[in-house]
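Below, chain A partners chain B and then partners chain C, in two separate complexes.
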Partner chain A sequence: MEGGGTVTPTKLDVRGEICPYPMMRTVSALKKLSRDESTLEVVTDHPPALETIPTQAARLGFRTDIEETGASEWRIMITRIEAGAEE
Partner chain B sequence: MTQHRTVPTKLLWIVLSSIVSASCASDRSDTIELAAASDVLVDTEWIEAHADDPSVRLLEVGGNANAFGEGHLPGASFVSMGSLSNPDDPIRGQIATAAQVSAALSGVALERDQTVVLYDRRNNLSAARAYWVLKYYQHADVRIYNGGTPKWTEDGGMMSTVMVEYEPSDYQAGPADPEIRTTWQYVVDHTDDPSTLFCDTRGPEEYLGRDVRAERGGHIPGAINVEWTAAVNSDGTFKPSEELAALYGGAGFTPDKEIITYCQSGVRGAHTWFVLKELLGYPSVRNYDGSWGEYGNNPESPIESV
Partner chain C sequence: MSGMTDEDVDVNTALGLTAWAAAAVVYLVAHAVDTEFSMFWVFGLAFGFVLQRARFCFASAFRDIFLLGHARNMKGVLLGLAVGSVGFALVMSRQVPLTGLGIYPPSANVLPLGIHTGLGGLLFGVGMVLAGGCVSGSLYRMGEGYVASWVAFGGVMGGLLLSAHTWNWWWEAHISGAPRLWLPHWIGHPGALVVTLLALAAVYVWVVSIEHRAGMVVPPTSGGGPQAASPGTSGPRTESVADDLRSTLRRVFVHGWPVLPAGALLGALNVLLFTAREPWGFTGEVSRWSIAMASVVGVAPGPLAGVESLPGCVLVVSDGLFFNHMLFLVLGMFFGSFAAAVGAGEFKLRVPKRPVRYAQSLGGGVLMGYGAGIGMGCTIGAFFSAIPSLAVNGWVFAAFLAIGAWIGTLMIQRIE
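Coming up: the complex of A and B.
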């Protein structure tokens, strides 16, 4: 974490992991985020994780944005939905 | 040469035939004789004995290239799981096409007449999925090093950082074997077929529809839930075949039935497919590659949930 309003997301690299581990490790990391951490960045090369991770993140109160960063590789930015905030 | 063998065929036949007899509640004419389980699992001693055998190729699957570079079994080559899936298929994670598999295996200079030994870094999960892919394209001799890197280091093996260089080969995948894979339509057509059983290899919360990873949660009607991890020892190796026979037979999976395994994306399903088809010798087992990622997102799929 940095001060002054700039937040460095916690990163999780699950490249090479296949179902169900990318999602399981992501859920574990989300549950370990402290209250002042609002973002987790996940890097994956397993396509099914693009569906399972957002689904589980939503259940835990996070929204996800997926960006393809290379051939069969994606960055999933997972951000905590603040109470009362509109999605 | 020593080789890890599955349970002696006679013992396996006795265990399974008694299960079939009990489940069918009929005379012994209902039993069927299983084909001998293949010698598909190899151990550390076997790996060491074939270290200089040019007819044997050791392939690490799962994990990633960085981890492979930091240490792998001596002589191994790396094949990513991504290269064995089809990025162009709208169902995420589906098996790669023959051309894609050919390209991936040519890249590690594999020849079709070589023995392939697959290993991974956790629970044989990636190895079993890759095994299913190679058998789908009918590579003749495929095996799994039971336990992968954890077992190797536990047995005192040294990890290597030497990257073996090969000239690419012209590997040509064989024709697809439709008997070990199935589709959404086939699944739906067989939900009421008493000769077909569905093995849901996901966790119980997914099976019950409480952990939903698609548009809808639940399971294929009539499916029986045996999570894939039930077949795994604490060290990541497969349980002994007699335990596996009791596990799946006790759950109702008998070799006289056709069995369709599935999970979320066909990976855990491939692990259980390997157990039933290759370790226990069940004659008719298919992995539903689309699994819940396809089935649960199709509004026309019949579903059971709590």
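Coming up: the complex of A and C.
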């Protein structure tokens, strides 16, 4: 995985959640990230979240990398886009 | 990038083919008993397949306008309504060529319009957002393995039963005297179709303006669905006819569909079903199951006044028979989604960890069931089939669905 820092990222497991909580809980976790934390790792089994989470993360200034980790399970790495940095 | 290997795809293909083979066996048996059973089974499978492949969710269509300021699913719904309206208008212009005589098309969802329509839509709108899916959404998610959707469906059955117990009051007080407003009576079929399409276009402009106000962001990893990034799907890598066909099959059976073709297809299937018998809708059938189960434990309602005279998804008192064509439609929707999910590798038992989700799903289901009972349909029967019926009740139900979805959105943001 590229994009992660050297520090272990904060993890959020939203497997089993009903729509639209995977996205809502991700957004509130992103808002709670401290300034020196740059990455949130989300584990989800809710496919619609693969569209809504990147969109909402982008609105908050984050980029996302999605990796399918198993049968209908994904790890979403959400990384803060640093001010001034390209991509 | 993707965790889905070729072996996984092969296993899913085998499981999917097994599921479709089972569906074919049911078809053959049903066909031998009654050709209408097998036809409705195929319709159900087709609806369930399309709903699952595109994750076509009416609840999110309304909710996401308020929650996220985007309208991905609503655009698909609007296209489906437009396709349905054109087709329904053609069918109804054959059924009722002279619109000035006050005749109604026999099976179109032109329903009595009154307080029950608004309250039904409102309760349904709140319920579908609380439960995370409407009735059709819960059905296809049941097929994907969402445990909470099974709970929501149980709630829907309970809510329909409750509405049946209060039906006679609603009938006496509001429904029996309520007008059935059908646009072609005033402006003919072409006029009614033009007005309906213009209104749909106006809603489209409105939701696009909401998207722009919210600041639509294209995310860095946007794509057409869960497996959009998996290898072997890009055009230039295709080497032979077999590879080409394989990638086409994967686009249909493995990758998530975009919402617009799905909306158009659902609209077209709805027209086809209307030509076969009646518009798409099924909460009446679910109420039949619910009332039949209630009669086993002695809590069934008595006779329901006026229901025989109404089209659409009005409550159905059990006739003592187990099978009918609508049973095959509803079970087909569930099984079509299940087969689609298995074939795409998207079936998984999803068990909510927070107890409040079960309460939400059950409560939301009860609200939807009650709303569908007095509103004589759900997001399908009272909305997706009612607006194309060129009936005013479809628009009123839709407006209250939206208000309900807005209230529901405020509620879920307060439930952690």
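Just so it is clear, the second predicted complex is superposed on the first by the 82 of 87 C-alpha atoms of A that agree within 3 Å, B and C clash if a C-alpha of one lies under 4 Å from a C-alpha of the other, contacts with A are read in each partner's own complex, and residues count from 1 in each chain.
In this text, a residue touches a chain if its C-beta (ideal position, glycine included) is under 8 Å from a C-beta of that chain, and two chains touch if they have at least 3 such contacts.
Keep in mind that what you see is a predicted model, and the values were worked out from it rather than measured.
Asker: After the overlay on chain A, what do you see for chain B versus chain C, clash or fit?
Answerer: Partners clash after overlay.
Asker: On the A-aligned overlay, A:55 touches which partner chain: chain B = first, chain C = second, or both, or neither?
Answerer: both
Asker: Which holds for A:63: it touches chain B only (first), chain C only (second), both, or neither?
Answerer: second
Asker: Let me test your reading of the model: by the given contact rule, A:19 touches which partner, first (chain B), second (chain C), both or neither?
Answerer: both
Asker: Is A:47 touching the first partner chain B, the second partner chain C, both, or neither of them?
Answerer: both
Asker: With both complexes overlaid on chain A, does A:74 touch chain B (first), chain C (second), both or neither?
Answerer: In the superposition, A:74 contacts chain C only.
Asker: See if chain A has more residues touched by chain B or by chain C, and give me that chain.
Answerer: Chain A has more residues touched by C than by the other partner.
Asker: State the stretch of chain C that overlaps chain B in the combined model; pick it from 2-10, 92-100, 110-118 or 236-244.
Answerer: For chain C, the listed stretch overlapping chain B after superposition is 110-118.
Asker: Where on chain A do the contacts with chain B and the contacts with chain C coincide?
Answerer: Shared contact residues on chain A (touching chain B in one complex, chain C in the other): 15-21, 45-48, 50-52, 55-56, 71-72.
Asker: Which part of chain A faces chain B closely enough to touch in the complex?
Answerer: 15-21, 23, 45-48, 50-52, 55-56, 71-72
Asker: Could you list, by residue number, the parts of chain B that touch chain A in their complex?
Answerer: 62-65, 67, 80-82, 85, 87, 92-93, 122, 125-126, 129, 202-203, 212-214, 263-265, 267-268, 293
Asker: In the complex, go through chain A and note every residue touching chain C.
Answerer: These residues of chain A touch chain C: 15-21, 24, 45-48, 50-52, 54-59, 63-74, 87.
Asker: Which positions of chain C touch chain A when the two form their complex?
Answerer: Touching chain A: residues 1-4, 8, 55, 57, 59-60, 63-64, 67-68, 70, 72, 131-133, 146-149, 215, 217-223, 225-227, 229-230, 256, 345-348, 350-354, 357, 360-361, 412-413 of chain C.
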